[in-house]
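Shared chain: subunit A. Partners: subunit B in the first complex, subunit C in the second.
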Partner chain A sequence: MTLAATATAPEQVAARRDARRGLLLTAPALLWCVVFFVLPFATMLVWSFYSGGGPGEGSLGLDNYRRFFTDASYTSALRYSLEVTLIVTVLSVLLAFPLAWAIATQVRPDRQRLWLMLAVLPFWTSYVVRSYAWLLVLSPDGVVNQTLMTLRLITEPLELSFHRATTVTGFVHFFVMLCTLTIYASLSRIDPRLQLAAADMGASGWQTFWRITLPLAAPGIASGAFLTFVVTIGDFVTPQILGGNNELLLPQIAMLQITRRGDIPMAAALSVVMVLCVSAAYLLLARWITGARR
Partner chain B sequence: MKMSRFSPSASPSPLRRLTLALAACTAFIGLPAHAQETINALVWCDHTDEAFLKAFTAKTKIKVNVKDYEGTGTALSLIEQGKPGDWDVFVVDSTDVRSVVAKKLLAELDPKAFPMNDIPAAVRLPEYHVVGGKMYAVPQKFGYNAIAYDKTKVTAAQAKDINYVFGASAKNKIGIYDYYLPVIGQVAVALGKKPQDLKESDLPAIRAKLVEMRGNARMVGDVVTTQTALATGQISLLVGGGEYTVAGLMAEKPNLDWVLPDVGGIRWQQAIGVMADSKKKAAATQFVQYVLSPEGQAALATSSCYWGMPANSKAALTPAQKKTLRWDEQTAFIAKSFPYPSPSAALDKAMQDMWLSVVQKK
Partner chain C sequence: MRTGWKAALTRTLVLGPLFVFIYLPVAVLVLFSFHDGMVPVPPFEGPSLQWYERLLSSDRFTNAAWASVVVALASSALATLLATLAAWGLARHRVPGRRWIEGLMLLPLAVSYLVVGLGLLVAFSAVGVGKSLWAAGIGHVVLNLPLAFVVVLGQFDTQQARLERAARDLGASESQVFWRITVPQLRSAILAAFLLCVTFSWDEFIVAFLLSAFDPTLPVVILSMLRTGLNPQTNAAGTLVFVLSLLAAVLFELLIKKRGPSEPTGR
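For the complex of A and B:
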């Protein structure tokens, strides 16, 4: 027997009223999602199946996806994008965690805001300017090479720019700050008595970290990792400036379709592939959080 | 100088129109009270200097809203997203004029309204700007996608020898400007082929040379990235570079220079026209006349975005500016250079596919 079947008439009326009120209150958010996510995505999806022009002019089919999966220039872009994105995500989380932990546990509470503000300082600079600044820092006359030469660790400047590592450095510089914020938010909410209790029960520092701190920080880690993944896989500027086009990534190839070929359907297909990658990352992280909480 | 070729086909959506309308509203903010008329111009970044535009407004009371773009493909997308009449002036690469005219985007111009006699015959390029006996765009600026280099790291003889960029001694020293038409054109010239006469059957030989060059390249990049790489010593030589890459930097970086390869080089040319659907054709024509005037040409040639040779030989440039632009050597340079290839749609697609696979090393 269902609950609804046992409810009285006034209770049913109240439930319906609550449902209507709930729908009304969430309507603006739903409308926002429909207008700014569902409709654009549906449009992009439809366009991705056309070739030789958009709806009304081109022909429907899987040509764009066939081209994507059979042309090495495109498949390598997908592989490079996934590799760079995974490296950036892992490095950003690994570097951000100790920083967030230090701010959350080793800094006096009244000074934590100041440290967080210092941590996010790079956000205050233009993304493009910051990328070009990295080119200068890594140039033969830049700070890194000059320091190494002054210390007599090298005799000739190293070729530090226009590698995958350069692109990764530019990304990580930015996303360590983002991950620090999300991880700090989780760490600062952990009740310190839980760690004390674990220690009282004989847990070592490592066991306490592994079984108490890390699972409770998982939502912050996952949020930071997901945001890093989403922005990195879709970013055009950093690889364009720092990578020297030695490995073209998916967003760069998508941009080429628009600015050079005017092939919006192919650009749409590439974007759909990126959305699928992001969705897969979300599902994996959601699964990890669920596992960590158990 | 550099552009893309394509044929946008979608009809403008309401969302696109709304976006353009908002952009236009933003552009109109700050309209001086004394300006009586306003025109909208789609331009390369060298047309956006405030002093250049203000001088025209002061003279004519016509305010010019500029939207800069990079790549004709982007410009055509912007036009497509708007409605007829949104744009009044269009700065477009000479090689793209015919395809833009085919889309009925440009209005016919009266050659008598412009100083055509002051434009060198080789720069007039009627085969690009005149369609069906009617002139649709006026050449306004040109330069070279040749070789820019650092004199302290590469000798002038090496820079002039196009075979240097294919050889082992150039390994990891060179950069390539990321635009397929001039670089493919340069390789074609190196192989003894005329860029204008290229056929699909020429591409395998060109590809083989491009792969050699790409193997030596530390980077492939856009204008600013290649400029930065050359200025900071990350590359010693830039294929596809020219006065537009180094002229603005030479005062601070006298070690930078550019040359046309002995075998010949590629010449870029920009043109300017009035949009066919413009409702302010008279004002738009006035702006084109200003751009072609000696004052306008001098400002355009020494733009903060990039320098280039003015099409008008009477441009009011200082001796120092002329020296930087190598004014006196232009006759020889023009004779030794070819305009961009102007491929058919099918050849263009094949060229772009080839370029992508070469850049991606696949």
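For the complex of A and C:
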């Protein structure tokens, strides 16, 4: 502030020219973002308020949203989606934490990067293929059933595919890897002297963990959880391949509006609901996520 | 830090089961792509390359692979170019409202791919643009722009700013500075961003499915292959996609500038 007040005229001119150059360089990317992301989203928002075939054919109103909250097939899809997403988020963090912790504390520092890379290698399988691979593993003649039968733990193959649990398994597999990356990033930044200091002052191992390690790892946990939430609630492929037909999730219902019914306004309304869910999750986790940037 | 057998035991107990969980599907996928039989379930017989031969002689697969590669390369190149210019603008100039610009650039990361795809579908049909690989490519640029932006912006540092200032002091024009100092210095970061975009784009299903019409990309074809049930040919297709993505990912890892050991991910 004081700098600007005392700045001489040529400096101000230079600053303005500098700002203009910066904006000019940023402009193409911003323009792309606005034209192909912000405007389409706004269009979709408008369409979600039309019933029938969209502007020109249907009438403006809250019909789609009224249908969403009164029709059981939509409300149950929302409930299933939220349940699956929450289960996936919690399980992914619970499994990723020990993995990230073991790499950050039980592996020699010069080998940690290699172990981390190994832990997330299958991340690079295409997600269509990854879901298919779980079908292979969990099919009635698949590896899991055959192993259990050889061990004589079961006599008949278990029905492992096409359940909610199958969808959850496919999701958790992917997000354990993602959360391991974000949690490791937080854990590896903790100064080990903090834990030593806590121990010196008489804290037990558990106390140190709960009061030093876990709070400092919170940004990594929160950002991993948020990413998991965003992708899970909007993913069509995983439940479509693994989940069977009993419980359709929001993205599946949205795709049905397009491929079967040609009801784009309803699909738009469903997308808006998904975005609202993501915004709610962000508001809940924002405290810890923004903590990561400081 | 614990040392010796205690650490080794903890490592095995914690990492062992988790690594089995992480690697099981991939191992089964790859192994049974070499299966000499009709259904990819144990016991394994073979090895045989027959499924790869059938796959590579199928026009549907090779056409889709070609479409995917073209869309991935073109959309990633454009996304990386736009992201590099934007990162340069923000890192080297005092731009008012910088936080807002960054926020807008990163916004597509916070909505799911389905929402991006649907938005474009609605907008394109409103202005009468038909479905095509071009439309899918435009969608992929939207998805990849924030990723490339984050990667490139993270690699601008003060050392480089000094070089650029020196070039300017010696009378270089802005475009000379960009092409002769910035780009060569950032070459590996730019290439890394490009590779990351390629791996995401050529794997992407939902946007490609919603926006392309008669020339499906690889993930769309692979999903339709699933309708025939478990089939070693799908394993072969999945293995090929995995190996190519992995190569790009390893290159990405090697290209990204290593930070000091205390700060492995940078900030």
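Here is the rule we use: the second predicted complex is superposed on the first by the 248 of 294 C-alpha atoms of A that agree within 3 Å, B and C clash if a C-alpha of one lies under 4 Å from a C-alpha of the other, contacts with A are read in each partner's own complex, and residues count from 1 in each chain.
Operating definition for what follows: a residue touches a chain if its C-beta (ideal position, glycine included) is under 8 Å from a C-beta of that chain, and two chains touch if they have at least 3 such contacts.
Quantities reported herein were computed from a predicted structural model and do not represent experimental measurements.
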item: Fit or clash between subunit C and subunit B when superposed on subunit A; value: clash
item: Partner chain in contact with A:Tyr132 - subunit B first, subunit C second, else both or neither; value: both
item: Subunit B versus subunit C as contact partner of A:Gly61, first or second or both or neither; value: neither
item: Partner chain in contact with A:Gly205 - subunit B first, subunit C second, else both or neither; value: neither
item: Contact breadth on subunit A, by residue count: subunit C or subunit B; value: C
item: First, second, both or neither for A:Met117, with subunit B first and subunit C second; value: second
item: Partner chain in contact with A:Ala254 - subunit B first, subunit C second, else both or neither; value: second
item: Touched partner set for A:Gly22, first subunit B, second subunit C, both or neither; value: second
item: Touching partner for A:Asp263 - first (subunit B), second (subunit C), both, neither; value: first
item: Contacts of A:Ile241 with subunit B and subunit C, given as first, second, both or neither; value: both
item: Single subunit B stretch clashing with subunit C - from 19-27, 127-135 or 145-153; value: 19-27
item: Shared contact residues on subunit A - subunit B and subunit C; value: 54-55, 132, 135-136, 139, 141-142, 241, 258, 264
item: In the complex, subunit B residues that touch subunit A; value: 4-11, 70-71, 73-74, 76-77, 172, 175, 178, 180, 218-222, 224-225, 228-229, 232-234, 349, 352, 356-357, 359-362
item: Residue ranges of subunit C touching subunit A (in the complex, touch as defined); value: 1-2, 7, 10-11, 14-15, 18-19, 21-26, 28-29, 32, 39-42, 82-83, 85-86, 88-90, 92-96, 101, 104-105, 107-116, 118-126, 138-139, 141-142, 145, 149, 174, 199, 203, 205-206, 210, 218-219, 222-223, 226, 230, 234-235, 237-238, 241-242, 245-246, 249, 253, 261-265
item: Touching residues on subunit A, where the partner in the complex is subunit C; value: 15, 18-19, 21-26, 28-30, 32-34, 36-41, 43-44, 47, 54-55, 95, 98-99, 101-103, 105-107, 109-110, 112-113, 115, 117-119, 121-122, 124-130, 132-137, 139, 141-143, 146, 173, 176-177, 185, 188-189, 192, 230-231, 233-237, 241, 251, 254-255, 258, 264, 267-268, 271, 274-275, 278, 282
item: Subunit B-facing residues of subunit A, complex; value: 53-58, 72-73, 76-77, 132, 135-136, 139-142, 157, 159, 161-162, 240-241, 244-248, 253, 256, 258-264
